[in-house]
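A, B, C, D, E and F are the chain letters, set down in written order, and residue numbers restart from 1 in every chain.
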């Protein structure tokens, strides 16, 4: 059998509900009728209701089939997923909206994630399927969302709050622009396994991979030496070479970053900034992480103006005030010391006490 | 004769006018009575009048003696200079203020430089006394101030406008935080004189001096090679070694930078940013430079809000609008390509057409 | 550790079939690995690629970038995939006895 | 080009009195230069500094930083100025026949 | 007693549980069961239990499969080989139940029965199959019309927001554009030959619902060039309903280009000064509408932090019409790829290369004029290069 | 016809002319005359005519004189040697006519009769004397009480704003502090032994009238820790005189911590949120006054662009009391210099060293706790180091 290749994904045109096909590109406005329920109205007057449901992202085929059954019942067999891995039921028949929501709630599914809510955390593989994680992904996300559930199923926050998680510095969750980012980190330099390096590694690539130039060749051993003082445990050498493992039960854990955003609404995209350099891996429920995240959410929620994202709020009040209000201790790791760190230093006597 | 050393500068305490001695540190408020005239009032009710006069900075001892004569006549022999090289007559006797001003004006001295004015440009040696200049200093400053005279002797601008000039990238004028900076630049790589390099240069220091790593050793010749593609003509190698001259009648000229500030009033200090990469050296009056500067001053003056410095104004309207309003063409040299240039790139679709 | 049975002797390979000890590589071994990568016979064109990869690796300590491989061998990427259906990294490098590429081909 | 009249022969120096050709340096020349820098006789201590400077320059191609000079010779900066009233750069380096320092001593 | 006491804890609480999902799959699949067991072990040990790397694949493709081997194969034999298939999602993640069920069938047949809907790049992630199952799984996927996505140094599976499918802000046809370029660049998607990965994401407007700016090498964001369309009747309606238009809309407009006349209940926008940040449209979608002259802003260079720190994509084309067959975009894309391909070092992303060689070289290579819209601020350092030809 | 047609042009126009000044000096001094002639030549040639470098000086000092030689000594013999003496100005540039006349006399005797009042660092620049005149000039300067300033790799002549001498905003005694440290560090000023230059500048408040933040390695800026003193009667007076307090003051307050009650004509400041930017005090100096608990913010690392780009000084001590004998400051300064001296490469400024070795190493070395006031924003990159002792 000669394999068929390069035929591409299914054509979306065949997957759109009829009301979308008809009103494609002719939408006029939307309303958020209640948490998890959107109503989009077209120029034609047609409307479509969207019911959004939180998903654990890591799902079984059974779950997918369950959802299909619901979509068949209420949506004529049409559904979609969102860029944050929520599931959206696309309802063309208004009369089915309430029953659908009732059905979903009865199943225990979280209906919400719209508007000024905490939507589904973008996250990554963790111990489920990756070789470089410093923490698990799904476990922390589950713990955090159990704790913040009320903010998913409601719209009571001042603005959007996007939480993301990546289990190592590769940042597959691209957490670097999140209101709150949870990032797995290593804290110990790689322990070089010379035998593996000799047999399996492209030495020049490993050297080039190190952001801080901490790796030098060791030509005598045909291996590598790590200058541990210059290593900041990014794990990029391990990505390039199995002989440079960095994972460690004590060294590994989680850091917390805040104030990033993606949209250009009001203010341009911002990077998230480090506020808690380390919290231990404490499975199964990572209590230190969940309470740190909740604290940040609540401090923000109780101080920000309406429509003010985490980073916008902090920009207004100043980082010194953020540490003050949140009670998070300011630690030396938060001060930049990478290339051009001085851009992040305060070059003015104007700050708050 | 054994030389006396390390005795330090004259003690300022012996140089203060009596009214200052008496009210030292007890000043209550000030007023700008007219351009170039300040009145400071002390808690005691005592007052001191300051009459500020523009100076060419490069002055003869005769000029100093002239000024001394005036100070004797009106100020009891007390005067001071400012951090921008203006001269200040410190008048304790109110009745002498008007006659002093009349006297100064009669001599043709510019009385002004206070408040929302263009004060004396901080500047450097240029062809007068330095070995690395890419332009003259005093000549351009004279030409620019002749042209902008009206803004020195008046206070009709929206805010402070500080102009500075440095004749090479060493930036002795520290022009990097000026509302308008005039900076001498070279545009040709050094022509290595191997003989001089061999005999007179500390080769490792020269190599280390190059910001872009454009210089490599040439051990065969005991000399140096410049990778001309990586050279940006900073002249730092010449500072270290006479065998690396960069000055050139055609290559050298002037660049214009805008939007910097020093004070923390309202907004923190800002760097000036490049807006005109090159204007030729056109002595004695550098007409291209004077008209470029005047254009910038006028565009700002006619568009800024009150109290809005050049950089604050541009931050409000956006750089794209600055180029639009000023008619200055946007050239590729303005786009950063030094370390971490990407921080200056626009990471949002929100800009103005 | 998995082993591969080649010409009667047991050769250690990793799970992906890459040699554990690069020094055991031989042309015969290459032929044997090739079969497992859907390459029945190593033609002259195959050898051109394989030898290029080995030479490059010997000289630079890394596998070449694909673009370079194509340029230097004169084969288009399409042709490389025709020669080595599992591709330059999984196919050609493995046959050439290179370490498992991490970044490149 | 200025010249300096030493022991009967004319030695080229620059305006600051630094040797144009470092290779002409000799101990006698050093003594002669010293006089012009307010050092009447080169004592053992002077030679310690001069030799240190020459050795350092030979090894690294640059003059040492002052701090290093002090540390390595064991002389305090004060002492250096007592030995060489015009200082380590203008005095000691010149006597040692080093190129005119630009950044350091 | 349960063998997975820690994971069991994660079945509690209101948020849907991935552990429950794994257990459901485990009822049918040994590999899912061993995945649970190995994960429990990770929870005990506080480290992962997967070996480094893995190169596996399907015939004719250089990417699309992530190889994974357990480092405890004796204890968890069913996951000793546990590779992931990245399956290219349809534009906008639209599905029919029909097509999803077919997908489930294939995966029930060949794999662990576990998936990520979806991966962070946008693919359908089919999580866990032995080496021997890969080709058969792919063949069955092909049968139902699902192709693989990207991995390795190729164009990664592009993704886009829902756009014209269900959003009034869509300035471009994200869904069609995405499908078109995905089809056009099948070879680039399936046969890694770039210096490193190249990601494309497409959002219909500056809200950037698909996170294109921080997360893609090439970001396409819809925008418009004329005026926001204001429906004053609808403005008045919002006011009547009690919206604080001055406080919530006008005061937060970053360019201060709006004036609200509270008495007349009318809103005036000085569109020349508007930067199209979307804030007012977001709040008043019934009253304000995007302009009519629509197109896209193209930004490049976004990526995660390794090696030189994270980067956001930055503007290289302020405005490009984006209509089928998207020739202008494709020509630009190919020039960009060519330059990167020619100059990029191994594992050097586009943004890093632009930083290393300088924007001016990049702009020249891809035939773009420098424009102030490309920068936030001009350079503050005086280290700029001159074409020696120009210096005479 | 004039020999200097180009320079003659620069005698025209309203701004005082340096050419006129040169001509005045030239009437008495050949060197001033040749300086004019050489400058005219530069105007023709469009390049400078000074040779590279020059090391000259006076006995016992390693700095304070800038050597300069003409590259056309045959044509302009009177400037073949034309060195500059940097003379340490008095605090705040205060003079009596008496002392200035004495200075002129010395310079008329030994030099060109030309000066810069002052140099960009703050010194009195005595411009142009032959080598043989240096020591005599210095000896005569010493006689009238003027010492040399810095040059080379030493502490450079520090400078300060007028401060308590004539400014109501002075939070510290800039004049006294400057005099004290200048006297204390005479050795550091006169005998270069640092890795490179070290500049100190002192401004009495955040207005920074002496440009300390951009222009000095160690910047001392006055500030206060309690509340702005408000005189409501004076506020009302400003209002009565027609000042737009809401528009010009309150609206421009960067922290929005002010409230103006237009009816009552009173101003309320939430001092906890005030960042002491000075704007309101600058505009309403009769009504608002700096707080009573005064001290200084210490910032370090400012410098011009070479080698790694310009830097602004950055906060390392948010608040330090600054009272004679300034022991706390001096101890800190010496720790800073020691660390820099120990670790700095040749020609590496303090700010560059901090960037190279990292703030944390610096803070540790000089015994300072990390504080959020030191930064604008926390790091955005995940590249931070752990003390391996702490990781157990």
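Worth pointing out:
Keep this in mind: contacts are C-beta pairs under 8 Å (C-beta built on N, C-alpha and C of every residue); 3 or more make two chains touch, one makes a residue touch a chain.
The structure displayed is predicted, hence computed values, not measured ones.
Contacts with subunit C and subunit D are shared by no chain at all. Set against the C-alpha centre of subunit E, every other chain centre is closer than that of D. One copy, subunit A, sits rotated relative to the other, subunit B; on C-alpha atoms the angle is 180 degrees to the nearest 5. The centroid of the Cα atoms in subunit B and the matching centroid in subunit E are 48 Å apart.
Averaging Cα coordinates per chain places subunit C and subunit F 66 Å apart.
The set of subunit A residues touching two or more other chains comprises 169, 176, 205, 209, 211, 234, 250, 264, 269, 271, 338-340, 346-350. Multi-chain contact residues of subunit C, defined as those touching 2 or more other chains: 18, 62, 100-104. Multi-chain contact residues, meaning those touching two or more other chains, occur in subunit F at positions 51, 53, 59-61, 187, 206, 213, 254, 277, 305, 309-310, 312, 346-347, 380-383.
All chain pairs that touch, listed by label, are A-B, A-C, A-E, A-F, B-D, B-E, B-F, C-E, D-F, E-F. On the side of subunit B, the complex with subunit D involves touching residues 199-205, 209, 239-241. Considering their complex, residues 15-16, 18, 38, 62, 65-67, 70, 77-78, 81, 85-90, 94, 100-104 of subunit D touch subunit F.
Of all residues in subunit A, only 1, 3-16, 20, 24-25, 27-30, 40, 48, 50, 54-65, 67-69, 71-72, 77-83, 85, 87, 90, 108-110, 122-124, 126-133, 136, 138-139, 142-143, 145-146, 149, 152, 169-174, 176-177, 205, 208-209, 211, 234, 236, 238, 242, 245, 247-250, 252, 262-267, 269, 271, 281, 283-285, 306-307, 338-339 touch subunit E in the complex they form.
Interface of subunit E with subunit A (complex): residues 6-7, 9-10, 12-22, 24-25, 32, 35, 39, 42-43, 45-53, 58-61, 66, 68, 82, 84, 88-101, 103-104, 107-108, 113-118, 120, 122, 127-128, 135, 138-139, 142, 145-147, 159, 161-162, 164-168, 170, 173, 175, 179, 182-183, 186-187, 190, 206-211, 213-215, 248, 252-254, 277-279, 282-283, 285-286, 289, 304-310, 312, 345-347.
The part of subunit B that touches subunit E in the complex is made up of residues 169, 176, 183, 185, 187-188, 211-212, 228-229, 232-234, 250-251, 255, 271-275, 277-278, 317-324, 330-338, 340-342, 344-353.
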